[in-house]
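Note that chain A is present in both complexes that follow, paired respectively with chain B and with chain C.
Right after this comes the complex of A and B.
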């Protein structure tokens, strides 16, 4: 296999520099879209750890997104904890929950695992609606309006959000690349290809899968926290819905799983489509963005299951066709 | 005590319909080895079809049921031919993603066309019921249960007493051996999917006299039918019946004694427990028999 040092990767450095300069060139609505791309990109990198690298198809990633989102809001609203610390609380909390849930669901394979993660998401949503005292029930939570507050991370302009998201995105990309190039990534690849064979050569299945599940949960939680900070408003239907899990999955799938740029590229393609359909047809009917998504999903499964990165650019991302 | 009995009866009556929906899912899995994530959404589409046929013709939902069943048998065949057959040789992951895409498509095309509102039909016998001892049996629920029971018996006869049904069972036991015996497995796949979707459709229309129709209605019912199938053992039809009645009763009891908003919660927990401790299902993991 090819080992690579991400800090010596020229594409990555160019991306870093260009990424930092984005707010100087684009403003207003375009910057908002850029932030959304980053936000969903982070979530897709999280999903990619367990379902791309690990090959365990999760449909419950929304649960960790919701934990991140609610952690920030509850920490600030109920305890007055600054939002930046709320993000970390969310990450820690997600890791603990992922460890506990993982002990149960990671014993299962294939469709059973997928079904179980689906049930986990639904259970969390039921609980979020039920415990109204903390979570605001089905109505949800919102930050009270403040002008320029570092504590609750509220600003009237968008670039602080952009940089917060960009830092998270870099963390997610580096994590993904480090995993791919580590022995841990190789173990995941072995499990993905044949988990019985992997076990027979001495790979601890539960340990390896749990690690991947926890890392995935932490990254997804981060994106959920970012969502709560940027949107100012969360409710169980939006942040813990089945639709959100599908959206995360689709972004990584369209871009290309197990690639350095795939999830971000997927977000860069799909998020503008959502924004456009919402802008032009959103007032007519809800459901249109998801309709477009479903058509793309069917198309991708039938004709492009390797993702766009792997089709269009051999140079951009080194093909990661089973390299063991 | 009579309240408890009432809940049990309600649960069993609803469980009968769950059995039909789950039988469809289990046939598809047993014969094709495809986990159909769109089962609940086919059901939802059938409910909309039933709703509109009722609106335009005023026919009784139990009569439209026959029409919708036929329609969805062929719709299932169409979907299998045009989409599912393209990935059937692939891995489970592809099946899941494709059926997921179909599910999300149905859900949202209905939202876009008809809006997210709840729709319902009113039948004159909606609140009619019979009193036996201290237990009330609702007329529409009883009829739906009888329809479900007849259907399950017919399915049983089809699978065990007809040449085609036997071929289908052989195909689900061992596809390659069946092919060597001259069974056309492609034909079996198409028929199994058609029947599976038809059962989802019948289950959906049978629910209509006492259930609302809305785009998300299949999400919960689909998940529920998975739980039923896993409880009974994937691929086992007697298992699906037992699992369905059990789920109906658990749902009814936990909705009353825990909290209505947590009625799904009890089922999910039991689902996860069964997956953990007896993943082959409570009746063991036989194939269709």
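Right after this comes the complex of A and C.
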């Protein structure tokens, strides 16, 4: 664990400048892919807080993604609340739900916690289908089309979405880095390594894990809200499915957990691969894109099990003197 | 001062700790011995909060800590090591020690500075940035000891901290324990190395089948017929 100050980090500042310039250089489909990379990157940073830093493998992040997505849509469609405020409502609501769920599921350890989070996602999906008056049921919700509306965050061009997502991404990266370099991050690292030993040095497991779970939920909710704003249409199967939780997890795993760039790199690799395999293999046979995608994943797991970002960091890192 | 009164812990039909009384004064070194399965680790698990006791009371300086949570008891000043060491493997030596301090001080930088001082005290300072997973088991046990000591607790419980150590390493650990006691830290040691435990303990408590069968000075214990029969055997020479 190397202590760092993100605001003094040159790589981060270069990323910030280059990131702001992206819409000047790419347009159309490429910009849409860039927005998707940002969207899934944010979700992966959220997962990384509880499952990467905290070591508690969550398979239920889709629940918070859905809360974010539905909060924006329901706030606007039912109450006329602007989407930007809808995002904040989603974040607050996710934090409350995460606190309530966390009180129960965070008492469990290892696979029991994972299974419970999986159940949470599935329960919410069922509830979203059941309460169709609010949620539109299995059919889902869509924004009525309006031209250039700041209130509902609808635009006919993509760069406002890009910048909205980029701001969220920066918030997610800074949150992740601050956690890693704080006492809170060290507590999470202790819990990840050994719960009993962490408790024996006076760390309150429930309090620390709850905080991480809530922060993770808030970031994931933010990405869900962004998804709803960008896609204009949401349904329970898409925003609250088990597949979505797995996708978030895979992005963080492939990129590299507990790293500043890992989740973003994972999204930057996997999202274009998904798009390319769909474009080139989708018309040949159904299921073929998934097969190609899976083969690529197997290779990543075999040759970069600690995440692709670690291949770079090992190659370019200054050697740390380890005297044994 | 740690005071145990009629502490009993049952696992179903098995009474692992049976009506045990114990009094430990500040700065006292107490050896806890007994055959395998006697209930030594269960007793320290009860003291440190890992097991909830079925009856009895545990008090630390007149404060009731019976069946309180592990982190609460730890923050009251009872720290421990584990029979199978539990260092934080991914973390460096300094970070491991700093973990022992974060419940008391939120400032990471201050904790890391303090951790450096503690590492030096425990002879770990030339391995400050080494991950625990790259240390030998004995060094990891010493690291665990350093982590437990970092906040300068009232009581430290050492569960077989000398197992697998060479004579030289045992002497080093004994020196550390003596230093702790001189700083008014009470030390409870579970150990099977009789030479070490008999030489350092001011009081020995012997458990057998969950019951306390003897308590006293090391010289008294080594001549106690019940202890000889249950644990030490006829041939013990201290």
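Of note:
Rule of thumb we're sticking to: the second predicted complex is superposed on the first by the 287 of 324 C-alpha atoms of A that agree within 3 Å, B and C clash if a C-alpha of one lies under 4 Å from a C-alpha of the other, contacts with A are read in each partner's own complex, and residues count from 1 in each chain.
The working rule: a contact is a pair of C-beta atoms (placed from the backbone, for glycine too) under 8 Å apart; a residue touches a chain by one contact, two chains touch by 3 or more.
Treat the numbers as computed from the prediction; the structure is a model and nothing was measured.
By the touch criterion defined above, A:194 lies against chain C but remains apart from chain B after alignment on the C-alpha atoms of chain A. With both structures placed on the common chain, the touch criterion links A:21 to neither chain B nor chain C. In the superposed pair of complexes, A:178 makes contact with neither chain B nor chain C. In the superposition on chain A, contact of A:273 is made with neither chain B nor chain C. With both complexes superposed, B is the one of chain B and chain C in contact with more chain A residues. In the superposition on chain A, contact of A:295 is made with chain B only, not with chain C. In the overlay built on the shared chain, the residue A:126 is in contact with chain B alone; chain C does not reach it.
Using the contact criterion defined above for the overlaid structures, shared-chain residue A:204 touches chain C, although it does not reach chain B.
Overlap of the chain B and chain C contact sets on chain A: empty, with no shared residue. Against chain A, the residues of chain C that register as touching in their complex are 48, 50, 69-71, 74-75, 79-80, 82, 86-92, 95, 98-100, 102-104, 106-108, 111-112, 126-127, 129-131, 134-135, 144, 147-148, 151. On the side of chain A, the complex with chain C involves touching residues 1, 3, 181-183, 186-187, 189-190, 192-194, 196-205, 320-324.
Across the complex, chain B is touched by residues 55, 57, 59, 104-105, 107-108, 110-112, 114-116, 118-119, 122-123, 126-127, 129-130, 242-243, 246, 249, 253, 285-288, 290-291, 293-295, 297-298, 301-302, 305 of chain A.
Of all residues in chain B, those touching chain A in their complex are 35, 83, 86-87, 92-98, 100-105, 107-109, 111-112, 115-116, 215, 219, 223, 226, 230, 259, 261-262, 264-265, 268-269, 271-272, 275-276, 279.
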